[in-house]
Amino acid sequence: MPPAHQALKDTEITLSTTAPPVQVQNVSKIFGRTAALRNVSVELERGRFYVLRGENGAGKSTLMRIIAGLSHPTQGQVQIFGVNNREALDRMGYMAHAPLVYDELSGMENLRFFAQLYGISSDAPLEDAMRRVGLDPTLTRHVGQYSQGMRQRLSLARAIFHLPPLVLLDEPFSNVDPESANQIAKLLADMRSTGTTILLITHQLGLLANIADEFLFLSAGKLVSRSPASQVHA
Amino acid sequence: MNSKLYPFFVGLVFVLLSYGTYQGLVAAPPVEELAAGGEAQRIFYYHVPAAIVSYTLFALNFLASLIYLWKRSSAADAFAVATAEVGVVFASVTLALGMIWARYAWGHWWAWDMRLTTFLILWLLYVSYLVLRRAAEAGSSAVMAAALAVIIFLDVPFNYMANRWFRGNHPEPVTLQSPALKYALFANMIAFVAFGAVIVWFRYALERVEQRVAAIHAQRAAQGAFSLALPAMFFFQNSHGNPIHYTYAGYTVAWVIYIGYLVLLTRKVAKLKREEQELRRSADR
Amino acid sequence: MSSSVLKLTAVNLTKDLRLEWRSRDVFNSMLFFAVLVVVIFSFSFEPTSEEARRIAGGLFWVAFLFSTVVALNQSWARELRNGVLDAYRISPSPPEALFFGKCLGNFVFVTALECLMVPLFVLFYNLSSAGSLWQLLLVLALGTWALVITGTFFAVMSIRTRNRELMLPLLLIPLSIPAVVNMVGATTNILTADSSPVPQIKFLAVYCVVFTTACFLLFETVLNAE
């Protein structure tokens, strides 16, 4: 990481005092007549790598959207670094199922647009983010012509260009070629080692063998267990 | 409905409505002016109270929506649904009765008169409110409906100003020279306000139950007025029939709409009860 | 309004214009639609020049009302593709900037359409205006803004509903009737020079101010309604 951005990152961390990166308290979410989440409480520690697991429809994506502030919980509340999640938006990066980028713009044009929403107007951190995910910043091709793997990597670059201390990733490895998947996994490992807290949803555990710290299991909207990665692999 | 007073109020409303209908149909002396439509003028005793109830309910809907946006209380949301829906029912009755009367007095069903036009637009606006509530994603419908209600209410004064250039056909409410006429109107006014209040109360309680059972949506009463009007057009081919028949038709249509709405509500209650039983059974297990 | 909102409005507007320049989704569908409406109208009425002056105001605004619906649906469809709107909602950027950026973008698109369509109207209906041109331009600008501002607001609502393409006209048309009545009235008054269009222009100005304020205040609530 270039020194300038390391400095930026250091100020972020001093800002966020000692509050936990994510604190979910008694969160329930009801869609019409079905409960997607039932009274989920969880606290994440700084600089650790968490994997959220559970069968389809267990509420993993819903929980992540609520943490990201995209969806209001029906009950309960979410705090990010000790403040309401809508006030900590600049300290979170979120990568969704959908790529969240415009097809008609090139990779850098996309990042430039989103960077301005975060008050970043220089290209340096964006080019850096592109390189970190293994994309060429000078690529002029529109995203519509990207391969699935490239699009997914750009999506990751969009989630991390502002160097958030908390990163939420919803299935980053789906529909991605093995090479891209390995590259993404390696980048996530780097980020973890520099103190970033990561919460990730995936079914492909093989990629995370030596990276993940802890597994959280959701079942039918309830958090059923938490276990250290070492136990799961043993 | 856990309130013990409810049956008492229903009984009271029934008595009031019967009395008002008797006053309007029989006891009130006929108005002799030709412009008023002779015996068909009796439609007025249903038409005006229904219009006033619908205006009141739309205003209450606005207040409930503001409270919802401010406090996010589900009770305010339930009240907003109840007032808008019942308001549309009463507004439909007002429109239907007005059209039947106009068919006799003016010889045609509709005129692009200021008051008719603005009322029709008002009706359309609240129908679009109900449509939005039905179509919105479950989690966001209450907030969006409240925002829409505020915007709609802001539109009302513009609506009146925009249509003020239309030629006015609609009679001014000045046909009340005699105390007997005033009395009949007054009796119906009380009856309709009480009737509206009881339906809103019922609808509100129902919505609260729905909310408790993790509410979604139910049948709305937006349809009805026009599907009924279509066959009616064939019955009134010539405009110089017996005017009292128009009154009978008007009163009947009003009751068809009200009863139709109440049937919809009853079906909704039955559905909720079934669901409640299922929930109980699954809880027992 | 703070300077950052203004700056981000400009960022959003630039982005919208660039996307439109590359895809031309909005403009092509809108233009095609409006031309069809004009052609159909001229087949259905075959007006003489005197009649044309009286009905042109109505035809004109009906064509633009429907074209605006098409434009708004297209310009929001773009934010929904790939879920980009979510990326906006999780950014610390004020929602009002998105709203005004979209309003201005659509205003530009619909105005561009009008610039193309007005000559076409004149041609097809053999029109000549008896009133003043600057008044006509003012009515066009105010009328377009009135449609775009409420339309953008309702478009955000309708993207959260089932059958969203249908929902927008259902919400927008009843609500904008008062404004449309005045746009048509003002346009007809200018074309025929029978009476003064000033009261209608004032009406439109007040309408624009009231709804710009209301939509501005309620936009965040609706955008984050989930």
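We just call them A, B and C in the order they show up, numbering each chain from 1.
Please note the rule applied: contacts are C-beta pairs under 8 Å (C-beta built on N, C-alpha and C of every residue); 3 or more make two chains touch, one makes a residue touch a chain.
This is a predicted model, so every value here is computed, not measured.
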Labels of chains that are neighbours to chain A and to chain B: C
Which chain's mean C-alpha position is the greatest distance from chain B's? A
When the mean CA coordinate of each chain is compared with the mean CA coordinate of the whole protein, which chain is closest? C
So the centre of each chain is just the mean of its C-alpha atoms; given that, what is the distance between chain A and chain B in Å? 51
In whole angstrom, what separates the CA-based centres of chain B and chain C? 33
Averaged over CA atoms, how far is the centre of chain A from the centre of chain C? Could you give it in whole Å? 38
Two or more other chains touching the same residue: where does that happen in chain B? 139
Multi-chain touching residues of chain C, meaning two or more other chains, are 226
Can you pull out the residues of chain A that are in contact with at least two other chains? 71-72
Quick check on the complex: what are the chain B residues that touch chain C? 69, 121, 124-125, 127-128, 131-132, 135-137, 139-140, 143-144, 147-148, 150-152, 154-155, 158-159, 161-163, 165
The chain B residues in contact with chain A across the complex are 138-139, 213-214, 216
Can you name the residues of chain A that touch chain C in the complex? 68-72, 89-90, 92, 94, 96-105, 109, 113-114, 116-119, 142, 158
Hey, which residues of chain A end up touching chain B in the complex? 30-35, 71-72, 74
Any idea which chain C residues touch chain B in the complex? 150, 153, 157, 160-163, 167, 170-171, 174-175, 177-179, 181-182, 185, 203, 207, 210-211, 214-215, 218, 221-222, 225-226
